[in-house]
């Protein structure tokens, strides 16, 4: 078996503090905008089956037990204790936590802060700051365009002093589709004026010029920037990667599936582009090893990073981590069994993609020596 | 082994009534616009090899026998008897048959009607109505724009009373590429006027406005609408899915390969979107289990449906069904062997994607209880 | 085991004549525009691991030995002798060599001519002529538009008399994106005038009109034309394929990954379109069998061709060939083991994709009878 050390989860969210009924749990599991179709349930997905495989044993139940039984046991233990047992069984030693985030389903106060996640999981936690949020908060606090732009620049640089990375959900879809370049000062002032004039407190940032503006400020700090691809083709990323090469900031591509091979190819083509390995694995469950293997085709092994992408349910942190560890062991072990890879190389690559690459890129230090070799 | 019940084939055509020489058989097998390249044959494809694997034993020959020997035996039995033996060996209990369809290679009278297919296969058959055909027939029968539009609306609603679904081959390519919305009455009248003015009897519908118009009439009936993706990216479908969510009609995506993962993803994102599992399997033959497994990554298991997509040759109905059953047993059995799925879940999912989902969506009833468990 | 005969490499380049230090070797291996990211090396890729697997034994070392040890042994033997040992261990009997090519990293004189490659590899070599180069040379030698256009037409027809194919790296990206059709004489003269007016000797051809013009001249010769898809979607190719069907020239799609399934689909849809199987395999290494299997889904088996795509390092010719042979044996052997294919068919298809299809399309003759069956 290939050894897989304790993981760095390079992108996740906090977990819910409240007790969950089966309906709320299912809705969080599905992560869709609406309810399941009549006659179907979000438990009947690879993700649902994966939760049923990996989580019940951590709460003292048999794998694959019915959802209702699992939820009853979860309530019996209480959300806090269940969360502790789950997170401590995940094999994750560092969480990089997307904080203060938005999205239609989220009330930020529902989710644990990084320090709470660290305590519950007996792990370390660091902060990843969503760029759009900084712009929205700057807008909430500003009366004029000049105040907004100064406040935004200051907020990005302040965040850069404590956070380990920035992240943007809107950049690829809305900001970069038409133009990868930094917008000029006049263009930015015009866009800011229009946005502020029509904006009510709490409105989300959707203006493409301002999204690009804050993205380029972030790049200038030198901190890594995580970019969500979602289901769009990563083509606009290639232009942005070409425009930012040599500026010092790394770009980390999240949510590539089903374009994960293309994301991996971009990680091979540009020295400062990295690709995420983990997020797709939670969703693909029993097929995770196959998806992981595809991502391992073109990306240099020093350019790949694990994340859970989990939000709300500690079950998702667990499932991502367990699936990743098993998939790495299976895929890399298969390469060794075929004679294609040397055993020592497989162990080394497992360490790189589980933790080493993330520690290097996010400046996390080497980690406790005893974490190495925990399979 | 995972049990796979008798199948519902949610999209197929009739079969040819005439005897076939090897050249005609090969042309029907290839399904291409032209002859094979010099020095090649359509038998040297995954589809050709799959026909040679599965069909000769149903006619009393050894698997993989040469095509000429197979065709000789087929003629010896006669097209009718060969068709009966093949269809009854397919394991399909319900055919949803695309009727009256066009396309450059088809003369409708060549192909069996649903009732003939049902009789030959000792199965049930129901009708799926192609939307473009309704528009073409309404145009053939109309003198004015008003007559055409009234006749079209009536034809769609009449069809909805007996058919189990509508289908459109042109919607994704020609109708939705630029705009997913229902065109307004004036726009429709203008497009109808231009089309009728330039049209000769028998001309096919290619006008994007009218294609969208009839599509939206179909959606309003509440019947499921099957949409062919062919080889284009399913991106326009996402906008159409967003526009039709909550209106009551399900959308079933056909022919997704090589974008089947994206189609499966859409089935997960929208409650009323479903994805087809079968059509690609005939074409990919020995690789069908791999393609099926990819489709099983992101789609909820309640959102996947089997079809053969077969047309003209009963061999294609057989091959699709046999390949599907074997692939389901192999892929789901593999998940169970890995410990990723419980055996009971695998059997349940097999039943859903083989027949249960289709019975629910198309309102086909529960099927004979004795059909369950036929592996 | 499936027998795989000696290979025809349908697209490769010459090898470097000079001794290589580890840094130069790594840069050639990476093939990227820049250096590896800090903390990473191009040896930590599937391609790097594949070189370490297959090449050391040909130079008398153990597989997977460290790169420094391999490079030391390579220098000890000398570039010429190492190249001979490597190429003769590749199992390639015919090289189709892209000659005189450019690109930012290339100095043509560095790479061996076809005759040198043939001698080093104890193989046959034939020439493939890059279309853009013919245009650039014609421009270098011409004073006027008329001279340029006449010189270009003559150069293409002269090349067609000795070369076995043309190739274009720019056609898909720059020439066909907007229009697949042959540009008219006036359009061509206008584009030529503008290009020549602004051009300095040695400038590369990037004008889309002229790229299409030379492409259509090449098609008119009837020789096969190899088109690089790179990482773009092969969609523009479909329009060009439709426009050139029946004109007598075959189109061979290179570099399809990650769109190799789409390329294979086009090979099935158009009688004169062929798809390359080899290039992606070097880059995907331990995953090559999986990628090969995907390409074998939709393409007719008579439409697939092997190439190494290798350039500069004879290691890449070796790795491509060895990986291909192993992947063919594994994938086709698996189909036979599953009962999906007959053994005799698998052997026949292996011969087709390894050499037979290329021999037929490029008019290479049947090859030595003793080459058949060398597994």
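By written order: A, B and C. Residues from 1 in each chain.
Simple rule for what comes next: a contact is a pair of C-beta atoms (placed from the backbone, for glycine too) under 8 Å apart; a residue touches a chain by one contact, two chains touch by 3 or more.
Remember, predicted model here, so these are calculated numbers, not experimental data.
Taking CA atoms, the transformation carrying chain B onto chain C includes a rotation by 120°, reported to the nearest 5.
Of all residue numbers used where chain A meets chain C, under half belong to both copies. The two sides are thus made of different residues. Distance between chain B and chain C, defined via averaged C-alpha coordinates, is recorded as 38 Å. Between the Cα centres of chain A and chain C there is a gap of 38 Å. Contacts with at least two other chains are made by no residue of chain A. Within the complex, the chain A residues that touch chain B are 32-37, 39-42, 44-46, 49-50, 52-53, 63-64, 231, 257-258, 283-287, 290-291.
Contact residues of chain B toward chain A in the complex are 245, 250, 261-262, 265, 268-269, 271-272, 293-294, 296-303, 335, 338-342, 345, 349, 352, 360.
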